[in-house]
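So, here's a batch of structures to check.
One chain, chain A, appears in both complexes that follow, with chain B as partner in the first and chain C in the second.
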Partner chain A sequence: MILGAARNLARHRLRNGLAVLGIAVAAALLLDMVMLAGGMERSFERMLLSRGYQIRLAPKGTLPFDTEATFRGAASLSARLRADPRISAAGAVLGGALFTTIHDSLLPLAGLGVEPEGQGLYEVEQGADLGPVDTTGIVIGATVAKVTGWRPGDTVRVTAGTDPQITRAASERRLVVRGVAHWLYEARGQRTVGIALPLMRAMLGTAGDRASIMMVKVVRDEAVEAVASDIRRLAPDVEVNSVTTLVARFRTRLTYFRQLSLILGTISLFVGILLVTTLLTITVNERLGEIATLRAIGVSRGGIVRRVVAEGALLTLAGNAIGLLLGLATARYLDRILTSLPGLPAAISFFVPERGVVVRAAAALLVAGSIAGAWPAWRAARAPIAATLREEAT
Partner chain B sequence: MSEMPLLLEAQSLSKEFLMGARTVEALRGVSVAVRSGEYVGITGPSGSGKSTLLHILGGLDAPDSGTVALEGVSFERLSDSALTRLRLLRMGFVFQRFHLLPVLTALENIELPMAEAGMARGERMARARDLLGYVGLSDRADHRATQLSGGEMQRVAIARALANRPALLFADEPTGELDLSTGRQILELFRRLNQDGMTIVVVTHDEHLAADAGRVIHLLDGRLTSSSPNSPAP
Partner chain C sequence: MLRVLAAMLLQTAPPPLAIEERLARALDLTVGDTVRVRQEPGAPGLLMVVGAIYAPRADPATVLRSEYHARFHLSDLAGLLGLPDRIDRAGVRLAPGVSPDSAARRLDRLAVGFRVRPSAEIASESSRTFLVVSRFHRAIGVISIVASAIFLLCIMLLKVEERRLDAAVMRMIGVRRRTVFAALLLEACLVALLGAALGIGLASLSTAAVNAYYGHRFETDLRFALLTPGITLFGALLSLGLGVVAGGIAAARLVRTRPLLLWRRG
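Let's turn to the complex of A and B:
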């Protein structure tokens, strides 16, 4: 039956080829929309958990790095948290603008003051990490290494509190590049550097024991919510979010985005269905005489339906196969455009091609394609045999 | 022949068609009986109701009134699927325009009714090859229908009609699309089939084909005007 369906489709190669391309475009769009609908959320969660830190602390009423706000008492809080046996690591982070000079030009750097013993922001790829109380070291990102040409072991000049108009710095340090790191939350093209938290405070002139965020790693995943709840009691002035809460808040922010992708996905599914239905209706109308002959020689109505539906399924299958490749290619292309938006971490993806998602989209279209063939198939099976044969004979 | 069992019996068949605003009476109370082994020709001028009669006798169309029964089984009592099954297993059809499936080879066209009947692949291939040999087309087994001549297509169509060893073979103008010499070959094939015991009902304009039939039924304006052995209407 499948062979017969394939041969029937091969009778009109150009027409069916174009239809397959149309189905492929619909399949690609459907796949992209399905990937987009849940992809960002999954990618966000994966990114947040990439170093295993399940809790984030930020100034009250803010999300991590959503504003430039800071909170007090960070050092004492992180010390208390590290003393909790349920917590394996905790570290405060202070963000601020740093600068360096390259070829007489001022180069802004995204500076992060970290506690190296409890940081979840980077992974050293080359050289070494900062020491626990490192007042002379700096860890740089790959972009900084590329732009400045700095290598581990180089001594470099870094300033803070710099007025870009008059290029005069409030604070200047000569630091040794300890290592080149992969910064997990770095935006594409962002020039991130890390120094020890006390040094960062000193350079920025931050009064007191302040931090932008704090990251906490809990030993057992099941204990995360209980630990977060305890931290809220311990530090009522701080916003405490587990990754689960952050993902939920992120999901709320993405609701319209997700709805839009679902609507577009549904539209593409309907376009696929209409394409198959239209094509099979034309095919069936052209072959009514053949179908009447099949009925005359004893092929059942079910047999006719199966034959026509098989053609629809085959068209959809071919469209799906091309659409899958097309969808993945367009997703990759669009992802590159979208992740280059300023301020967005490069690690985040808008389109996540997970096997389950791909299989679900392909299965949805295959089922839809087969259903799309059902109506023309039903019409074909119910065509009056004698009248059709009479028309064919005249 | 009268001692042979009754195979097909139709009584008081009437059928009307709407042709625009006009109602055409295609059949008016026609009764026909066909015995096993008979070769019956149905003749008459265009529009006399020949094809309509054949379609109703073959269960391809239902009469407005009257009954048809094959081997004692009345069509009106059968569901669509049961009637389809009856056509598949007990009747064979040959059409003026052959109606082979163009995407299939000659062998596959013959196999098709057997596959539909659930016959095993090996068995049906062997039978399809035997039938191709019977109609003289062993060397055309793997040719697509579109690669065959008109006469060859009609012979494949006859082989297809015989696939499930039917009790009765219906043919509607089987030589209508063929030249004289090719038509004669088909005529010879029908003669041979009947001699081998096949019951045949053939609608024809072809005088030679009608003359070959053991009995000729003549229709005029939807009425049976004569039914006589070897006496085709003028």
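Let's turn to the complex of A and C:
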């Protein structure tokens, strides 16, 4: 039957070739849109969980690092959280602008004050990490290392609180580069450096134990929501977000892309169905005489239906195979475009080619293509044998 | 006496702030209402009176964030935040004829702690997001055009092939090949034009639906989809061009085939 269907399709190479190409482009677009619909969320979730910290605390009404706002009582909160046996690590982070001078030019740096014993922001790749109460060390990102030429062991000058009135920095420190780290949430081209939290507070002149965010690692994943809920009760003035909450809020902000992928995915599926239906309808019309002869010599209606549906499935299968490769190639290109959005962490991807996603998109189109052949197949099977043969004879 | 009383009242009256319409609606506030504004929960904050409710200019950069905005007098906000005499940014209007680039360079050299940039540079940087999204739309547009072009080619090919019996009859009664070709091509063009007209109608409807949906969702009068005359013309010309190409290829194949063979295949 499959062989027969393939032979029938080979009779009209040009139009069937065009149809396969059309289905391939539709399949590619469908695959891209399925990847886009869920890829961003998965990629965001993976990035958030890359160091295993499942909860983020931020100033009330804000998302982590969405504004420059800070919250009070970070040290006491951090200590109380660490005392909770369900929590394996907790650390506060304070963000602020730091500067250094390179070739007489002031170079702004994205400074993060961290508690090294409970940080989920970076992984040291070269050299060492900051000590727990390190007042003279600094950890730099790869971009900073490239721009400044700093290496582990170098002593560098870092300033903060530059004041235009007095034309000099309010705070200046000579720090030793402890290591070069991979900053997990760093945007492309961002110059991130990390120093110990008390040093950061001193350099920025931040009064009290304030923090921009706090990250919490829960021992058991199943306990995350319960711990988050307890922290909300413990610190009602702080916004407590589990990764699930953050992903949900991220999803709201990227509604546009999800809706676009839904619309375009539906259109490409529709185009694929329309193409297969049109082609098979015309093919069946052309072969009504042949189909009537087959029926006359004893081929059952089911047999005719199976043959026509098999032709539709074969067309879709061929289109799917080409479309898969085309879709993966275009996804890489489209991902390069979207990941160049300013301020987006470099770890985020919009198109994530996972096996499940690819299989889902291909299966959807294959099923749709096979169903698309059902209408022409039904028409072919219902054709009156005698009348059709008479018409063919005249 | 009255003057002194008025002065005292003015002195103690809470400072005004302006809030955007959405915030006023969400909190059910009207002009004259007194509100307490805090830097963070638990802080004493400042009593302020709603002095104005304004409709912010539609801004594509903030529309997806759904944040509420309020405007303060600089000194009130600085006092509230505990940051007297500090600002995030300042605008400078130059005298006519002064180059923004050279003025920015000169001002930048004055002191550390701030960076001076011409407005054009800031505008270019803040529009980067939209440039990226626009590039993405263009890429998706190209894929859609390729898909629809192949679809059109396929349909036109089938449409012309359907006429092979008519073509065979015309050839057998003596109609010239060129005339048959022209007739088939003309038919293909008409079908393509009709399809283009229907497509433009459909695009107009979907554009209106998209703008109505997102406008309502984000409470903005921004337009999310635009069907410009240029896009309409491009769509119509592309459809016509593809119709001509596909119709031409199929018609050429038909007129080259012997009429008896066409008749048998029909």
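Please note the rule applied: the second predicted complex is superposed on the first by the 375 of 394 C-alpha atoms of A that agree within 3 Å, B and C clash if a C-alpha of one lies under 4 Å from a C-alpha of the other, contacts with A are read in each partner's own complex, and residues count from 1 in each chain.
The criterion applied here is as follows: a contact is a pair of C-beta atoms (placed from the backbone, for glycine too) under 8 Å apart; a residue touches a chain by one contact, two chains touch by 3 or more.
Predicted, not measured: the structure shown is a model, and the values here were computed from it.
With the two structures aligned on chain A, chain B fits next to chain C without clashing. Set side by side, chain B and chain C differ in how many residues of chain A they touch, and the one touching more is C.
When the two structures are aligned on the shared chain, A:18 is found in touch with chain C, with no touch to chain B.
When the two structures are aligned on the shared chain, A:333 is found in touch with chain C, with no touch to chain B. Of the two partner chains placed around the shared chain by superposition, neither chain B nor chain C is touched by A:229.
Legend: residue contacts after superposition of the two complexes on their common chain; A:155 is shown touching neither chain B nor chain C.
In the superposition on chain A, contact is made by A:26 with chain C only, not with chain B. In the superposition on chain A, A:76 makes contact with neither chain B nor chain C. By the touch criterion defined above, A:266 lies against neither chain B nor chain C after alignment on the C-alpha atoms of chain A. In the superposed model, A:293 makes contact with chain B only, not with chain C. The superposition of the two structures on chain A yields an angle of 90 degrees at the Cα centre of chain A, opening toward chain B and chain C, reported in steps of 10. After superposing the two complexes on chain A, the closest approach between C-alpha atoms of chain B and chain C comes to 10 Å. Overlap of the chain B and chain C contact sets on chain A: empty, with no shared residue.
In the complex of the two chains, the chain A residues touching chain B come out as 4, 7-8, 10-11, 289-290, 293-303, 384-387, 389-390, 392-393.
Touching chain A in their complex are the following residues of chain B: 51-52, 55-56, 58, 60-61, 80-81, 84-85, 87-89, 91-93, 95-97, 99, 101-104, 112-113, 116-117, 160-161, 164, 172-173.
Residues 14-15, 18-19, 21-22, 25-26, 28-29, 32, 59-60, 69, 71-72, 99, 106, 162-165, 167-169, 236-237, 253, 255-256, 260, 264, 267-268, 271, 274-275, 278-279, 282, 330, 333-334, 337-338, 340-342 of chain A are the ones that touch chain C when the two sit in their complex.
Residues 40-42, 64-65, 110-114, 125, 128-129, 132-133, 135-136, 139-140, 143-144, 146-148, 150-151, 153-155, 157-158, 161-162 of chain C touch chain A in their complex.
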